[in-house]
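Following this line, the structures themselves.
First chain A sits with chain B, and in the next complex the same chain sits with chain C.
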Partner chain A sequence: MTMEISLRRRVVNVLMLSLSGLCTVLAVSVLFFILGYLLVHGVRSLSFAFFTHLPKPSGETGGGMANAIVGSGKVLLLAVLIGVPLGFLAGVFLAEYSNKAFASLIRYTVDLLNGVPSIVIGIVGYALVVLPMKHFSALAGGVALGIMMIPIAVRTTEEFLRSVPNSLREGAMALGATKAKTIFTVVVPAAISGLISGMMLNLARVAGETAPLLFTALGNMFWSKGWLQPIATLPVMIYNYALAPQEDLHQQAWAAGFVLLTLVLVINITARLIIARGPSSSRR
Partner chain B sequence: MASSSYITDILRRPPERTFLGRLKAGDEISYLTTLACAASILLIVGLIVAELWTKSQPTVQTFGWKFLSTSTWNPNSDQYGALPFIYGTCVTSAVALIISIPLGVGAAIFLAEMAPPRLSNMLTFLIELLAAVPSVIYGLLGIFILVPLIREYLVPALRNTFGYLPIFEGPFYGVSMLSAGLVLAVMVVPFIVSVSREVLLAVPTDQREAALALGATKWETTWDIVLPNASTGILGSVFLALARALGETMAVTMVIGNTPKIAASLFAPGYSIAAVIANEFAEANGKLYISSLIFLGLVLFGLTIVINAVARILILMTTRKAA
Partner chain C sequence: MTTPEQPIVKERAPARASDSDTNTLPSTSKLNAKNINFFYGSFQALHDISMDIQSNKITSFIGPSGCGKSTFLRTMNRMNEALRNTRVEGDLLLDGENLLGMDVTYVRRRVGMVFQKSNPFPKSIFDNVAYGLRVNGITKKSIVEESVEKSLTRAALWTEVKDKLHKPASALSGGQQQRLCIARALAVEPEVLLLDEPCSALDPIATLKIEELLFQIKDMTTIVIVTHNMQQAARLADYTGFFLLGKLIEFDDTRKIFQNPNKKETEDYVTGRFG
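Then we have the complex of A and B:
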């Protein structure tokens, strides 16, 4: 017996399934449009001076964004120093020590923090660091981005430590290791590739953040000495230059956008490839 | 009392400092340090709420609830009303969702139901990369690429077909709520695709097999059986996208026009909560001005927390049911 399927049903079937395919093509092609436009506009305005020179006033040729590149590095270093240890240790606590009730309270709080809009984190950085110290600084930017790094740091640590099989813990403890020794010499090393790539993803996420830096790190057209002065960062430079009326500044913005996007995507893709091929996923 | 004090004395005596005892002490250090870090997260979130709350008190006391329902925003006369920003935030988020829901769910259907697993994983990887693109880059592309395209093609097309509707009236200057909504739509699609795909994949295979065995076409199986099963989770992904759209700052600031007016037309420039904070906070002087901006931050904070919580509950409901 053969089933007769009416023409209308067959047409609807093919039509709707192709439409869903079209949606996928559209969504993926947006990525290639973004990459394409930044490649075309960015490489055209990129030069050696971009990496070695200070910004010049509009109209003069040959300015660069060396200070913003170093500035982004400094602010991100501070963010990592603040966010990663704190998030990592809290994640260790959740995975290895905590009782259920307290863990779910922390987990809920972490999710809440992860959902806070980045501009609000900027206000918090302003209120906690800029107001007491009375000036904008690299430190304030670092604190703001550091707070943003905590949730993902906690979550990846907990997740990857949990994926370490219990037999490893039991083995270490049977050999007489204390719990602390078991955690830090057996469990953490077993999960280390996942942990590092998780932190890389985390870094890539905050590296492009602009809103929290607008009124913490502020910006600077010159080199910023130390950690307590306003400091230029790539994302804020892109924002300021893109909104400036001068055409040559737009070109600089494209170049900076290209550098920033390349940086973020390279870190992101590397980390995700490590996770995808890592031992923790192949074991499943 | 005297007799019991002897026993409690022994109990209180510190353990002997043997090698093992020292290690035990190390154990305590590790426990207490990690506990302190975990607890400090509670402290940080508490601090965020407290800072936002105390610093927005001047505005709360001066304007009260009227702050949220009046539409004058005039730093010169110290008059602040948040309605234009709330309106702009809602309108741009609505435009974003209207476009991104069909697009995102459509793509998720293809990725979960039709594409072979390897292709599906690869395409999902690429779509998720979109979520990694910094928002300031979306803004850059929005200003220089998307806005000219909208002006050239989309606006004339909308005028010709729906020109009689008030939302497509008036002149188009480029920066507008329409542009902001479109940029937002592109930005939230990855979240809808990624979560909806997971939710669809969590629907048990025997549901599909049963429908197909009864003679349903592939699409009928998807539409009538799989989607209803996953609808709660998909709604969750929509709420997740909404939270993103509401809080998104840079891309919106760069294309919305930053004009605190309530206009019916999507072609008109507007302003959003996040955009006004980004734009005016650094230059704000005067206690009431800063306090009003911080109060807007508090409103945004509360809004995103509630919506994120709803999203999480909805997503958990479906994935738990399937498991």
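Then we have the complex of A and C:
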């Protein structure tokens, strides 16, 4: 009897262990599968021209996505300029100024914003910028991605500022620093490495967003001058090329996917290195 | 005030000539607290505290843990204001002016503070000491440099750090960090310096250095120090206040407090019979 129970237990135990082990392997291998797949297909179709040339019509050889690479850069730059200051200052307010009840209300609202599907954010960008200005533009794309960056920017700022010990604030105030001076000369510098890496992770998160850009930046087969014209971006290029029937365009899409993923991974890893090394290495 | 009898208080470092007969001269009061009550929310931490803190003297606060020494100290530079849901009642005068009505940054520039746990900023040694000057608008390089050197020298730290001024303060030892915090407080030349158990994490040698430093700066600064170390209070202080459960039980000349206190509670505490 006891033998039976212990045998059953052991079987269940081994079963559960192997099942959860298998799931872990599966979960992790998804990333490596994507990486490997993109590597195989992407690298093969990657060429020097990819980085330097404009797209060519299907059938012609030697086209690239130089405009989309620059375009992604421009749109992301705008997104950072819009999303980071807004989110950062709101985070400062949450961590340093607001009372508890109000803070939790704002936090809840921000979390809701974080949950808004990206395609809805695209429509918001369309309504806010594209409609009034009457055409698609880099600016509209930047606004949409900037809005997407706000929630995480708020929450990382709040979290990292809160992790700065109160004794530092008191030390600064005891020397006659105003609250604002204390925040910007002691608290923020103490959290700076966490803040920078948090914002980088935030950027990496929106760098691959496609849906918001479909309604805002649209796309462009040529160079886009300034900030007020439709502009090509890597995610939208991938989307368009992958849906096209021609095989050579699929190849270009693979290459673009590979470049985009590499970019995101590099940002991610750099950010994590900054966190790990930072003087203020706040636990995360 | 009483005339000193056989002192258990050791010989003090030579003070200013005019100090030798202070006990017979009317002293001037730097800080004057009248009927201070303090509340953390609904909890009353200070009950009706009144005392005069004399200019250019060292005043020490003693008393068991949780009796309100830090709270009272932090009332004097309005540090408690930064805590939510606190309230102070009563009058507090700095040189006869209403301290509670002044601009708070102005108060804190005049009334400096050193905390129990050293709290150097995550900046260089130099920038730590220069911080108070800079936030108060003094940015001229030569003045800042001169003041940093002077403050570090007075805090007995200069020789140890003069070759690594631009290294992060976090690389210093605990005792050095505390002396750095003292230097940082001295740099803005406060009229009053509040110290909350500044030596609690220090070895005897570092403690001695800080005590010497306090003697040295006495001629230009009024000093209030919280300490759990009776010998330290006896060695250092001109006046001593004994706190118990949020009340100031007795406040008098240090020798009087240690040799011949008026209150039974004080006697029990200073002789170690407390509790």
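Going forward, the second predicted complex is superposed on the first by the 269 of 284 C-alpha atoms of A that agree within 3 Å, B and C clash if a C-alpha of one lies under 4 Å from a C-alpha of the other, contacts with A are read in each partner's own complex, and residues count from 1 in each chain.
Assume a contact is a pair of C-beta atoms (placed from the backbone, for glycine too) under 8 Å apart; a residue touches a chain by one contact, two chains touch by 3 or more.
Since we're looking at a predicted model, the values are computed, not measured.
**Q** Tell me the contact category for A:V124 with respect to chain B and chain C: first, second, both or neither.
**A** In the superposed model, A:V124 contacts chain B only, not chain C.
**Q** Is A:A174 in contact with chain B, with chain C, with both, or with neither (first, second, both, neither)?
**A** After superposition on chain A, A:A174 lies in contact with chain C alone.
**Q** Let me test your reading of the model: by the given contact rule, A:V43 touches which partner, first (chain B), second (chain C), both or neither?
**A** Neither partner.
**Q** With both structures superposed, pick whichever of chain B and chain C touches the larger number of chain A residues.
**A** B
**Q** With the two complexes superposed on chain A, say which partner A:V11 touches: chain B (first), chain C (second), both, or neither.
**A** neither
**Q** Using the superposition on chain A described above, determine whether A:M133 touches chain B (first), chain C (second), both, or neither.
**A** In the superposed model, A:M133 contacts neither chain B nor chain C.
**Q** Give one of first, second, both or neither to describe whether A:G208 is in contact with chain B, with chain C, with both, or with none.
**A** In the superposed model, A:G208 contacts chain B only, not chain C.
**Q** Going by the contact rule set out at the top, does A:L77 touch chain B (first), chain C (second), both, or neither?
**A** neither
**Q** Considering only the contact definition stated at the top, list the common interface residues of chain A for chain B and chain C.
**A** In chain A, residues 178, 181 are touched by chain B and also by chain C.
**Q** Which of the residues in chain B end up touching chain A in this complex?
**A** That would be residues 23-24, 26-27, 29-31, 33-38, 40-42, 44-45, 47-48, 51-52, 55, 102-107, 109-111, 113-115, 123, 125-127, 129-130, 132-137, 139-141, 143-145, 186, 189-190, 193, 215, 217-220, 223, 243, 246-250, 254, 274, 277-278, 281-282, 293-294, 297, 300-301, 304-305, 308-309, 312 of chain B.
**Q** Quick check on the complex: what are the chain C residues that touch chain A?
**A** Against chain A, chain C makes touches at 77, 79, 82, 84, 105-106, 108-109, 112-113, 115, 117, 119-123, 131-132, 134-136, 168, 170, 181, 184-185, 188.
**Q** What residues of chain A sit close enough to touch chain B in their complex?
**A** 3, 5, 9-10, 12-13, 16-17, 19-24, 26-28, 30-31, 33-34, 37-38, 41, 85-87, 89-90, 92-94, 96-98, 102, 105-106, 109-113, 115-120, 122-124, 126-128, 147, 150, 154, 178-181, 183-184, 204-205, 207-211, 214-215, 218, 235, 238-239, 242-243, 250, 253-254, 257, 260-261, 264-265, 268-269, 272
**Q** Inside the complex, what are the residues of chain A that reach chain C?
**A** Those residues of chain A that touch chain C are 99, 165, 167-178, 181, 185-186, 189-190, 279-280.
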